[in-house]
Amino acid sequence: MSSTMRAAVAAVVLACTAPIVLAQGSTEKGIEQYRQALKEGNPAELWEARGEDLWKRKRGPKNVSLEQCDLGQGPGVVRGAYAHLPRYFADTDKVQDAESRLVTCMVTLQGFKEEDAKKNPFSAPGRHSDMEALTSYVAAESKGMKLNAPLAHPKEREAFELGDYLFHRRAGPHDYSCSTCHAESGKRIRLQELPALTDPGEAQKVFTTWPAYRVSQGSVRTMQHRLYDCYWQMRHPQLDFASDTATALMVYMAKFANGGEVHAPALKR
Amino acid sequence: MKTTMLAVAGLTIMAGCAATTQLTENERQTRAEAMLKAGFSKGNKAMAERVVQQDETQALCSKYPESVPEAIASRIQESQQATIRYPASGNLMGDWRQGEKIAQDGWGMRFTDMGSPNRPMGGNCYACHQLAPDELSYGTLGPSLYQFGKARGYTDEVRRYVYGKVYNAKATNACSNMPRFGHNGILTEQQIKDVVALLMDPASPVNR
Amino acid sequence: MADPMKIRATVAGDATEVKVLMSHEMETGQRKDAQGKTIPAWFIQSVTAAWNGKTVLSAQWGPAISKNPFLSFKFEGGAKGDKVKVTWIDNKGETRTDEATIG
Amino acid sequence: MDARRRDVLKGGGGATLLAVLTAAGWLKPGEALAQAWNKAAFEARTIDEAVKALGGGAQAQSKDIVFVSTPDIAENGAVVPIGVSSSIPKTESIAILVEKNPSPLAAVFSIPAGTGPTVTTRVKMGQSSNVYAVVKADGKVFVASKEIKVTLGGCGG
């Protein structure tokens, strides 16, 4: 091949690749514009309001409100509670996240059967979930506070170790683990950036944004749903709501996210 | 023994403020596995079984999340290489247009879309790779495959490599993040050929 | 039963900015459920905003407005403590009115 | 109280509904509901048909209509923020239309005197498409358009 020809080929290659680089840059700019424009109003506020109403309303077989629920900061303290979850609770002798703790309160205070309290954790079109609303309210009461999930109790440390194991565990027809997508910085799936959840800087930014209103689902989704949905995409079975697996994974992630400010409920794709 | 000790040390450092690990590696595994199994109490039993039961490659790759020791890596690659079934006809090229559809399609094997005789599963290639330049929504978990064939040459050797890679990525990279599309029955022989064509046909948009 | 709206009205200079979030399915009538049955259309058709009894915005909407709709606009006048009232009516005849105090 | 109002309203059609509301002292006559929902415009299949049904004729391109807080790319077609601002004097109404939606008309806003000719809302888009803002001002009809790409954002499929 003559050198002129080679130069010509090189020019063609350049001409072909250059617009791609540009296109990618403008795609990212466009997405950023999109996210900025959405920030104006977050429908999650509708969930927060409904959650507050549910929290204060007398409900269940015992006809009492959740106002004496202990979310870890003492009975009735909602302010700041979400920033200190998941954590160990002596009365249940378990590590619990906000949602599994709300189930406990619905059972012990309001007299719901456990299976009823757990029945409808994720909304569907035309069917609200009380859990999504309550979690939105509880999370919003920690807005601006630094996440500080404890890791002092032996059961909290054990949950972390089990979470670590499960986070890296590959399985199923696609060989996926959580770490397939969430162990490396700067990667994306389609156009969605994937946070490296074991990187404190990134974990602090994202773990603290759940629950979030997801425009793709037209609803607030909670951390329990985020895990359920990840397992779905991982071609894993349906993860039980408020399972120990979910709690362990949350404790594991919270460890890296500690120190980040709570910005939940956020607004997401 | 040495690797176990290293793994434990690594975990301790990672755990940071959790001063010491409390569980032995065996305890951790036994408890985590039991916990996982208990968390799939609803839904499809066969699906749960397949996830609870790891194969050897999955178990080994899970054990060494950072980097798998060389000896184990070669053992995995050898066993996975042996799984690859090339088409009896010897023809590895299908239709790139079908390949593009497969690359766009992420349907299949989730608990809401477990498969159907009337609906082939997707390859979801764009989730992780750049392919045709018109598709702006591509992932970056895997390398860009834009101009794949053009850059490497449209040879039998490269076609065979691509077929094998899609069929079982672990044959050449032990703990690759890429699913084993042929080995795990995600894509059919014809679908893999179509994907090969997407990457290796000079007329494919990937090579334009 | 429809949930309350979230209305925020703030005055800056001569103008009052109103931002409204509404809780509504905004079902297009073109989607099918898991059984393949068409989900009937259900969407807000009209929205009215009033300040001191004066209409400051009115709108007609089709099913292409997003679920849990958002709306923002500005009007001249309005003072801290004044009320802004927003009403919507959907194609089933359901309606909801909420009020916010200008801050 | 709100519940009671809703009960009264249930099953009411446009005109009856208005009468009930007016009788209840809830709405003053002249409040926007006087206009019945423009079925023809919302069910029109093309931009031109929809504009015609809204009472407009030929549209003149205008640089005085701008899209604000409107992205070039939407990560999800279910929620696409659209803001339209008109600096055409005597702007009476602003309509938002999505060309490739089955029924292009998404919304039409009446802008009374004293209200700024800027509205922001969110629309659904089935696919990448031109979005039109049609403004009626002083009896004339003006238009501006913008292309918005709808992409797949996440895990796909």
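Lettered A, B, C and D in written order, each chain numbered from 1.
In this text, a residue touches a chain if its C-beta (ideal position, glycine included) is under 8 Å from a C-beta of that chain, and two chains touch if they have at least 3 such contacts.
Computed from a predicted model, the values in this text were never measured in an experiment.
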Partner chains that chain A and chain B have in common: D
Selected pair, greater C-beta contact count between A-D and A-C: A-D
Chain closest to the middle, measuring from C-alpha centroids that were averaged per chain: A
Averaged-CA centre spacing for the pair chain C and chain A, given as whole angstrom: 29
Centre-of-Cα separation between chain D and chain A, whole angstrom: 34
Whole-Å gap separating chain B and chain C, where each centre is the average of the chain's CA atoms: 47
Euclidean distance of C-alpha centroids - chain C vs chain D, Å: 12
Where chain D touches two or more other chains at once, by residue number: 73, 78-81, 120, 122, 149, 151-153, 155-156
Residues of chain C whose C-beta touches two or more other chains: 66-67, 70, 72
Interface hub residues of chain B, defined as touching at least two other chains: 126-127, 136-137
Chain-level touch network, classified as line, ring, star, complete or other: other
Pairwise chain contacts under the document criterion: A-B, A-C, A-D, B-D, C-D
Residues of chain A touching chain D in the complex: 26-27, 29-31, 33-38, 40, 189-192, 215-216, 218, 233, 269
Complex contact set, residues of chain A against chain B: 13, 16-17, 19-20, 23-24, 27, 151, 154, 157-158, 160-162, 164-166, 168-177, 179-181, 183, 186-192, 194, 198, 232-233, 235-240, 243-246, 248, 255
Residues of chain B touching chain D in the complex: 104-108, 122, 124, 126-127, 136-137
Residues of chain D touching chain A in the complex: 69-76, 78-81, 83, 120, 122, 149, 151-156
Contact footprint of chain A on chain B as seen in their complex: 11, 14-18, 21-23, 28-29, 31-32, 35-36, 38-44, 47-48, 50-52, 54, 57-58, 61-62, 65, 109-112, 126-128, 130, 133, 136-141, 146-147, 170, 177, 179-180, 184-186, 208
